[in-house]
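Inspection log for the structure reproduced underneath, given as structure tokens.
First chain written, first letter: the chains are A, B, C and D, and each begins at residue 1.
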Amino acid sequence: MAADFNTMELMICVAARYLEDGKTVAVGTGAPCAAAMLAQKTGAPSLVVIFEAGGLAPQLPEMPISVGDSRTFYRAVMAAGMVDAMSTCERGQVDYAFLGGAQIDRFGNINSTCIGEYEKPKVRFPGSGGANDFASFCWNTMIMTVHSKTRFVEKCDFITTPGYLTGAGAREAAGLPEGGPYKIVTDLAVMGFDEKTKAMTIESLHPHVDVDKVQSETGFELLVSDELGCTELPTEEELRILRDEVDPLRLVIGRS
Amino acid sequence: MAADFNTMELMICVAARYLEDGKTVAVGTGAPCAAAMLAQKTGAPSLVVIFEAGGLAPQLPEMPISVGDSRTFYRAVMAAGMVDAMSTCERGQVDYAFLGGAQIDRFGNINSTCIGEYEKPKVRFPGSGGANDFASFCWNTMIMTVHSKTRFVEKCDFITTPGYLTGAGAREAAGLPEGGPYKIVTDLAVMGFDEKTKAMTIESLHPHVDVDKVQSETGFELLVSDELGCTELPTEEELRILRDEVDPLRLVIGRS
Amino acid sequence: MRVLDEGKGPLFMDPDPDKAREFFRSKSRAMVDKRMSVKEAVERFVTDGCYFATGGFGANRIPTAVCHELLRQGRRGLGFSGHTTTHDFQILCAGKVFDRLDAAYIVGLEARGLSPNARRYMQSGEVQVADWSNYALAARLRAAGEGVSYGLTRSMLGTDTFTRSAAKAVECPFTGKTLCAVPALWPDVAAIHVHYADKFGNAVYKGISVADHELSRAAKHLIITTERIVDEAVIRDDPSLTSIPFYMVDAVVEVPHGSYPGNMPYLYFSDEEHLAEWMRVERDPDELERFLDKYIYGVSTFEEYVELCGGAERIEQLRKIELVEQPATPAGQGA
Amino acid sequence: MRVLDEGKGPLFMDPDPDKAREFFRSKSRAMVDKRMSVKEAVERFVTDGCYFATGGFGANRIPTAVCHELLRQGRRGLGFSGHTTTHDFQILCAGKVFDRLDAAYIVGLEARGLSPNARRYMQSGEVQVADWSNYALAARLRAAGEGVSYGLTRSMLGTDTFTRSAAKAVECPFTGKTLCAVPALWPDVAAIHVHYADKFGNAVYKGISVADHELSRAAKHLIITTERIVDEAVIRDDPSLTSIPFYMVDAVVEVPHGSYPGNMPYLYFSDEEHLAEWMRVERDPDELERFLDKYIYGVSTFEEYVELCGGAERIEQLRKIELVEQPATPAGQGA
């Protein structure tokens, strides 16, 4: 019988598996960091973690609260700066970056700036931070988020961070380097992007979820992969490591 | 009676007096460094010395052999890098720079690259090094050199480093920041530059030298300042400090 | 080489490098004693309407004492910028210190959530904003420190972040490709907190530099707050360690625990309980008012503030967390 | 925003950042043991015709062992660049290793005078040259390390140095002022000598960085020669000190006294007598030939070379000079 887990644990375990060994990942706090730490303790022991404020390849003793706090360069190979960290991304040495946001559209564009009129917003969010840079520079960007219609929207109120912009060819036309959204892991499914159109595509459904359910929680029409799969559940071992070693204080997995 | 001194000692003592206290100077090895050290020990105790390779405000224990050797950051306030040192110049914080070269023209342009055809030169010299950058960025550039017709030429074979280029307004037209040649100290005279035309102008004659003598050793017509002066001789005190403290091994002053 | 597109966001500061050069030409390079109180430093260098920037990273190695002092002295109408600004931003919003903002990361405190009061202020329409990415802001400072009028990045392109910035998309003269040009930014004054400095301003920070290398070379005036002031000889004994040379610095202020309630690498972790308290009281403007009266307006020195927050005992607890002897649990979270 | 003028010098390397990104995408980021001999490092990473660059500053913290090995392995047709290159340049000229050159400071050895053989080679017409300033070359490397296609400086403008470079004068899109745009330079391989490194390539140098921060981020392949190899824990114990992260590095070669006869800060001063000997023998090509046979072609390791030059005893003398216990007198000069 499958292990018992909450949706945060599920998302983290699923996301972690996409991080290949020997690659680099730029992470923030919370779930992305947990996914990177889990990957390091499972299939990707030599995954290199980079923080935008300058922490390079730390041996994280616990989850950071800020991407610039001491934990992010605890026993790191280098305590660098933002220019050095971001330059590493810009010249093409960072494989994955994790992003978050309030809204996401079919091309993986993200809004983390505001809802409503820009000059006097209904809701003001933090803005880009390093997200726009990561999404512009890194080869594959990943998103972990809960799946809802208010989040997966037809049109973002503001495009803070580039996905594929208006679709195939648009990044190139804008001058962005090759790269773009890779996987979106939600509490319902894993989505990728259609190779031709760059539109969001359901690739794998979580247990007890069907396409209609995912579509009903999405504000635009999703494509469905020809090779639609069923998400592999977290293993007992993954859950044990996540709970006992990665997040023993349940700072992230306790939020679900 | 005046002290006995050689022309190198004369040039160094004269040049040192132009370095105001509390200012910054970018220096190379040899005579410029001796002038800066002498200034620090006489009228400009808080003159800040900067080396292009990164040494900032060292307490020079002796003359460096290279502008990147250990002496250039001995007990410095910072062992920085070339970008940091040059940026300090480019953003306008360095008052003086000393330059040298094989040829100099009436507008203070300098050749330190080659004599003859560029692709297959008769003589190849080092090239710019940091000289072009210093002359572009620093507020006042200074030259110490022996005075001869082969050095003071009508036209440089190659303009390595900018003086006033083709004269008044030319730096601005080329896009260079404000700045340019300030004083040229030779074994015969001190020359400045005419405010209006930016042409080289005799400002002060060394003892026993007249305008004709200077002109006869110069490959172009020099202007003569309305306030032509007589160079003040090195004092006993200056010479003592130069010989005993700045260059006790006579590495520079022994060359004359 | 053409300008292909341009953001329509406001450009608050002139990117003319010759004007900056004129300023730096007149800035003293004399190695003189620059020690003073935070009160004096703010009085002398931060004027109403000037453009201000903080070093560090939001709640890590931040110049808290300078931020508090800006409130106490009632500074208004400032321009402000930060790559990730969190608790520093929150303090400045509480005093409505700025009304022009180059934003990259604002109103949030990362994993701690969003500041209710900072959001209210940013949603009030009282603040003129340009949006940027973190790296774009760092690139603006870097260009300024290098004395050129713009810097380059390949980010921001194609997004509303670009549109709401004052960046321009330009064609590379070598490759024909599109790059994002960002205008140099010389803040009028910046404050950076460091581990130690001598009285002339030669300063050393440890751990990540964030964008403080760039900021310290770009700021026209620079206030250094430092955990401790050391003899000049400590600096000269190992010049490889120096982060900031004295000639950039205008004021050296000794402020032990000066990043509190933020994290100071190797010395003390952030005080998550106090930061949570900030977030809690911000829900109610009246309660925030009382809170500010108690912790900022009602004290005259930063030392008093630290005392109010638990003083040496609290700092000792935070030291243990910093040294990983105890876990860093965000208040109100955890099992 | 227009291109106002352009240098007519050759551009040896493609400044396309997307091609560089493709390379770096495929470059391994795995933390693996990269220790090898200098022979193996040169065999694997420096191929005939590739573009090579050295770290340090001419005769200060230079990768002498790699330069010697290039001669022993008979590398030809290389491209080469250096901000100030002096003794390193002299060695490479002795082997006619390169025939394309981005020059900023060449043929001279600063206060020591000019290298007769380097001048002969540079006056032979065999070398295709572009001239730059030191800072322009550093700015080219910096742009490359940042992943953009060009960098900016306000130098070089209006001179023949500009004309003989591949720079372009461009109009600033913000101010309308003229700037000098220099194309990004990603060397195929660079060699940098450091104080210590772990086996993965995390490397630390002390003293001035010259342009090695920029070079280490720009080079596609990087050979680190190091005075000593340390345990990974030494690096992780104080990550503030790290100069170069492992993922830039391809080879880690332990070479004690590896900058000899150049200066290594805090360890040994330059051997002015040996450098003077180089200058002397260079006057006569036959004598130079015999000299090279003895010191480079006739030995198989760098250790043998140091032995020939006086070994431990000589190094101890140079250590005393470095520590300012004895003066550093250029040979043949002084009272």
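One rule holds for everything that comes next: a residue touches a chain if its C-beta (ideal position, glycine included) is under 8 Å from a C-beta of that chain, and two chains touch if they have at least 3 such contacts.
A quick note: this is a predicted structure, and the numbers were derived from the prediction, not measured.
Asker: Could you quickly compare A-C and A-D and let me know which has more C-beta contacts?
Answerer: A-C
Asker: From the centre of subunit D, which other chain's Cα mean sits the farthest off?
Answerer: Computed centres place A farthest from subunit D.
Asker: Could you please state the distance in Å, as a whole number, between where the Cα atoms of subunit A are centred and where those of subunit C are centred?
Answerer: Each chain reduced to its C-alpha mean, subunit A and subunit C end up 28 Å apart.
Asker: Averaging over Cα atoms per chain, report the distance between subunit A and subunit B in Å.
Answerer: 57
Asker: So how far apart, in whole Å, are subunit B and subunit C when each is placed at the average of its C-alpha atoms?
Answerer: Roughly 40 Å, centre to centre.
Asker: Could you tell me which residues belong to subunit C and also touch two or more other chains?
Answerer: Counting only residues that touch two or more other chains, subunit C contributes 17-18, 146-148, 153-154, 177, 179, 206-207, 239-240.
Asker: Would you please write down the residue numbers of subunit A that are in contact with two or more other chains?
Answerer: 73, 79-80, 83, 90, 137, 177
Asker: Which word fits how the chains touch one another: line, ring, star, complete or other?
Answerer: Contact pattern: none of line, ring, star or complete.
Asker: Which pairs of chains touch each other?
Answerer: Pairs flagged as touching, ordered by label: A-C, A-D, B-C, B-D, C-D.
Asker: Where on subunit A is subunit C touching in the complex?
Answerer: Those in contact with subunit C are residues 28-30, 51-55, 61-62, 64-74, 79-83, 86, 90, 109, 113, 118-133, 135-137, 158-162, 165, 170-171, 173-177, 248-251, 254-255.
Asker: Please output the residues of subunit C touching subunit A within their complex, sorted ascending.
Answerer: Residue list for subunit C touching subunit A: 4, 56-61, 83-84, 86, 103-108, 110-112, 114, 119, 122-125, 129, 131-136, 138-139, 142, 153-161, 164, 169, 177-180, 206-214, 263, 265-266, 269-270, 272, 322, 324, 327-330, 333-335.
Asker: Note which residues of subunit B are touching subunit C in the complex, please.
Answerer: Touching subunit C from subunit B are residues 21-24, 46, 48, 56-59, 73, 75-80, 83-84, 87-93, 95, 137, 139, 177-178.
Asker: For a test of understanding, state which residues of subunit D touch subunit A in their complex under the given definition.
Answerer: Touch residues, subunit D against subunit A: 17-18, 20-25, 27-31, 144-148, 200, 202, 217, 235-237, 239-240, 242, 245-247.
Asker: Mind listing the subunit D positions that touch subunit C in their complex?
Answerer: Touching subunit C from subunit D are residues 1-3, 6, 11, 15-18, 143, 146-154, 168, 170-175, 177, 179, 181, 183-184, 206-207, 239-240.
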